[in-house]
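Order as written gives the chain letters A, B, C and D; numbering starts at 1 within each chain.
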Amino acid sequence: MTVNFAILGAGRIGQVHAKAVTSTPGAHLVAIADPVTETAKKVADTYGCDIRSIEEIAASEDVDAVAICTPTPTHADLIEQFAKAGKAVFCEKPVDLSLARVKACLKTVEAEAAILMVGFQRRFDPDFMALKQTIDVGRIGDVEMITLTSRDPGPPPYEYIKVSGGIFRDMTIHDFDVARWLLGEEVDTVQAAASVLTDPKIGDLGDFDSINVILTTASGKQCTITNTRRAAYGYDQRIEVLGSKGSVSAENHREANIEIADDKGYLRPPLLNFFMSRYENAYANEIAAFVDAVSNRAPTPTTGQDGLMALALADAALKSVEDGRAIKLSEVLG
Amino acid sequence: MTVNFAILGAGRIGQVHAKAVTSTPGAHLVAIADPVTETAKKVADTYGCDIRSIEEIAASEDVDAVAICTPTPTHADLIEQFAKAGKAVFCEKPVDLSLARVKACLKTVEAEAAILMVGFQRRFDPDFMALKQTIDVGRIGDVEMITLTSRDPGPPPYEYIKVSGGIFRDMTIHDFDVARWLLGEEVDTVQAAASVLTDPKIGDLGDFDSINVILTTASGKQCTITNTRRAAYGYDQRIEVLGSKGSVSAENHREANIEIADDKGYLRPPLLNFFMSRYENAYANEIAAFVDAVSNRAPTPTTGQDGLMALALADAALKSVEDGRAIKLSEVLG
Amino acid sequence: MTVNFAILGAGRIGQVHAKAVTSTPGAHLVAIADPVTETAKKVADTYGCDIRSIEEIAASEDVDAVAICTPTPTHADLIEQFAKAGKAVFCEKPVDLSLARVKACLKTVEAEAAILMVGFQRRFDPDFMALKQTIDVGRIGDVEMITLTSRDPGPPPYEYIKVSGGIFRDMTIHDFDVARWLLGEEVDTVQAAASVLTDPKIGDLGDFDSINVILTTASGKQCTITNTRRAAYGYDQRIEVLGSKGSVSAENHREANIEIADDKGYLRPPLLNFFMSRYENAYANEIAAFVDAVSNRAPTPTTGQDGLMALALADAALKSVEDGRAIKLSEVLG
Amino acid sequence: MTVNFAILGAGRIGQVHAKAVTSTPGAHLVAIADPVTETAKKVADTYGCDIRSIEEIAASEDVDAVAICTPTPTHADLIEQFAKAGKAVFCEKPVDLSLARVKACLKTVEAEAAILMVGFQRRFDPDFMALKQTIDVGRIGDVEMITLTSRDPGPPPYEYIKVSGGIFRDMTIHDFDVARWLLGEEVDTVQAAASVLTDPKIGDLGDFDSINVILTTASGKQCTITNTRRAAYGYDQRIEVLGSKGSVSAENHREANIEIADDKGYLRPPLLNFFMSRYENAYANEIAAFVDAVSNRAPTPTTGQDGLMALALADAALKSVEDGRAIKLSEVLG
């Protein structure tokens, strides 16, 4: 079976998914939608698909699945609209910045028995998958302590920060999902610290640029997350998991695998500087996994519930900073 | 301008180039030729191209360029045929196993003013390109000593070894080309040692499985090449260049960028085990460079002369083993 | 000037310091004291020094300095005794497990204008010193985020755990000192999580074996510390400092600098398994620094105040675990 | 039993051995000899030993062993003198620059049944010992191909080059010994290339600064050696051994185990820049092994024969360069 796709939103991430869809066996790109005609046309020309409006796509019989790549405030409405239209839905994170809205949305999805996958691409990165498999086969024993290091090369534009929901909901949310994926047990309490160290303007906008979080599960497993919005050496994405029998870690990706040695020392190139090049394979694998789930009517590997839980952890982290105390996840989940 | 391709030979390497052509902007795959219909059909079905005979392709007005991926003994004839047919020609190495035949073939190409590129894909590997650029910008000063390490995970089938022309012409030829590329000066003398260490059957077939070569240029620059047909840890491909101001080296590629630590130590995965996965990007870049040369009527980055010189170095190495002395390249070039 | 030493306590750490003293230019080992005669005799025989009682040493005119290597509960009393006796005092951490007792002790030291150095050997590790110097010369800009990873290969004996003061005061105290050293600014708040994951008996004894701490300074700099009492791959001691212009990290030490590659992958040996081999150079440098300070009547590089502050951070961490909230350091310092 | 030492020659390497002797359990430094009184006095003062003439030492009843650290032309005579005097002899490499003289000297040693150890310190480097042990336990199967990389940071003084016997006898001789040690089989043929690339003055003195050698054993095992007299990044000393089941390699030693990351990339410090710091532990282990052999009347781990064979390989390499052909070791050994 071929899964026929429409992509909603032809921006940066929409283009990433257009490329992923067209290069995935079993997937076919039928249509692109974007309020800016020129942007839509660029994707349509590159990949040879139609330009249609969102309404037209919802009514299109030749569309099986949509990938929602529009701005965050539209996600929940679109999920509901396309779940009701009988389409399989892939939606970029987050479902919404409000937990209540997410819950309502997921109820609709459930009522429609619709297929929904929320985009947490890191789970599909080949290195992280190899790390996860190392854990799953028991190679390091029981998971005990996890250290996640995620640092952006630089901050996003101020305009984006304003509407991003803050660093925990925008950036750390990926680490929260990875933490849940690797801990193998839900988080019980969240402790967080947050500072503005790279640019006071970020503080003026009510956000932070440097955070640390400690997650603890009921059985005492712990995970620390360290995030910053500035790393001179590139896009830093590391995972380290300590188990009872050993540890497993995933390394960064460099611009090239070369090393220059001179009287200053041994120099390897900086890291890949952009999440799209760093996670290029992950995005492709993610769409392939979605196609696979849709084709086989199987559960999607990342669900609406995963989106909900990651957001709840973000809310708890923010509350921990505000209240200066450890927050039970149950406090924010209600 | 779009370059319309036909691929001659739908085997392993033909499939690699079919994929490369279809994913290269500015290139279009028109036809595939293979005496085994089923093999040809597989490529035609996957990439949506015609199946044509070699004769038909030579006469096809809608074909601008051919990629010769047939067995070695057919290369020189096909190059001549398609040069005369006015097609741009990409040919897998080697042009031929006989220096005299290569010379004759290149004369025909020259007489026809045809475009010919010989496939030395390593020059197009992103890491090796970064290494070369490091040299070219003067970062390590003057190149003095080069160490090339190439080890195959295991030997090819005996049937292939019989017709391969021997390890120097089949395997080391890639290192000879890399050596010439990096030395920036033609080789003057060749010294070589060759043994059978991994499988006596290889010796019975008149070949070697373990060799070392020292190349020396007129100005005294040296390059060592070490090759073996067996490496338990995977497909080993390393370059190290020492210059007057420092050195630059290129690292191997692993199955995954993870590391497992336990009471036995710190373990990273083996190397990629196959030249096609190791050089996947190189093959794509190579075709892109050919397309670029054809589109712009520019010189190809690897030429028939490069093919000739690499083969001459192989002949000199073999002669060095046989005669137990340093061989001047001029002795074999005539 | 030669500094004449007596060492109080001939146990494991006393022997380390006996070796350090005898191999330090400008230092001379005069006497060893230990209630167990046999233990004292071993040191005396090895290094050719007297055996004297603590009282005799306090009265010895030929002793300039003492190194206190006795059990923790005796530290504060001995510091006071020898400060009053006019000896320069080097004391292993901690001064005492009670902040109040430490404060009283330091008052006595101050009143006597005595020289006191508290043993935080990590500051004298060559790699960590190189890391610190990298920061001090401005190479990574302003320090923003620090990650300290310290994992013991295995837990100490239960008997020791009982009297150790708990993991924060016994193990993390070294990281607290390193954090203060590198942050360049006092800690304002402490958040901590603590679990028992490796051995329930440790929990029965009222202690933890797995902890994470977040330290935050007034200006918002953050430091995370992760500690466990079990790491299958050896004695794990890493520092990573992120600054505004880059980062600097210090690597672990292995049993040997070799790598074995086979079909399982690339294997490097485990880490050195014992703090005494890992920090052998650090202990030597530490004593040399003390000798230097005593000889030149200069301030000691690690002071009683450093001992006090590290202990206060440990108390704050424990309180954070108990109260489930961020603790201001001022709350415990009083 | 304590082995009482006299050291002949108080220069750079004599001082290294004085330190090694005084810190080796079971060894005692009795006397130092040097024609320059001031140099001898420096060692005598540092380590509290006598100053004696060579004649006095030969006649000293309280001297069991001598370490010959004088200039090369004196080595053979001193070995003979002290062999006859009944002393155990440790001699720095080489025994002599003339194979004939070495043979004559070894005959005298044999006739006197004297203990002789020739100083090839690399065999006692902890990393190289770990590598050797990895081979000996069968971890990588049968040894097949070895790559030795030795590069000096810079050339020795011209005055030294003049009397050094040339790069093969002075520098490569260490690699020849390591090759023999690791191959586990004598070398059959030697092929070498030699150039002057770093300083034409070295060529004017009749020497080379950049060489490559291929050694082949009767069974076909091969070893390449690459040497240069200039490496901008420090003192480069690497070994890589390929066996039938895998490979083992030994890494270089750096000034510090730190890494700095910024927008230029990831920088590790240069290598240790001097053979004495790089091989500090090797020199200590070497003397300990000699002391052990003397104490137990056991064979020394490196013998006069080892010195002879390494020199023969150097002679063969030079002859290969001169004659432009592969040289049988039997041709030079006679």
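The rule we apply is simple: a contact is a pair of C-beta atoms (placed from the backbone, for glycine too) under 8 Å apart; a residue touches a chain by one contact, two chains touch by 3 or more.
Worth saying up front: this structure is predicted, and the values here are computed from it rather than measured.
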### Shared interface partners, meaning chains that touch chain A and chain C
B, D
### Query
Farthest from chain B in C-alpha centre terms, which chain would that be?
C
### Query
Using mean CA coordinates as chain centres, what's the chain A-chain D distance in Å?
58
### Query
How many Å are there between the centre of chain B and the centre of chain D, using C-alpha atoms for each centre?
41
### Where chain A touches two or more other chains, by residue
232-233, 245-247, 261-263, 269
### Query
In the complex of these two chains, what residues of chain C are touching chain A?
142, 144-145, 147, 149, 151, 189, 191, 193, 195-198, 210-212, 214, 216, 220-222, 224, 226, 228, 230-233, 242, 244-247, 324-326
### Task
Mind listing the chain D positions that touch chain C in their complex?
126-127, 130-131, 134, 139-140, 245-253, 255-263, 269
### Query
Can you list the residues on chain B that touch chain C in the complex?
232-233, 254, 261-270
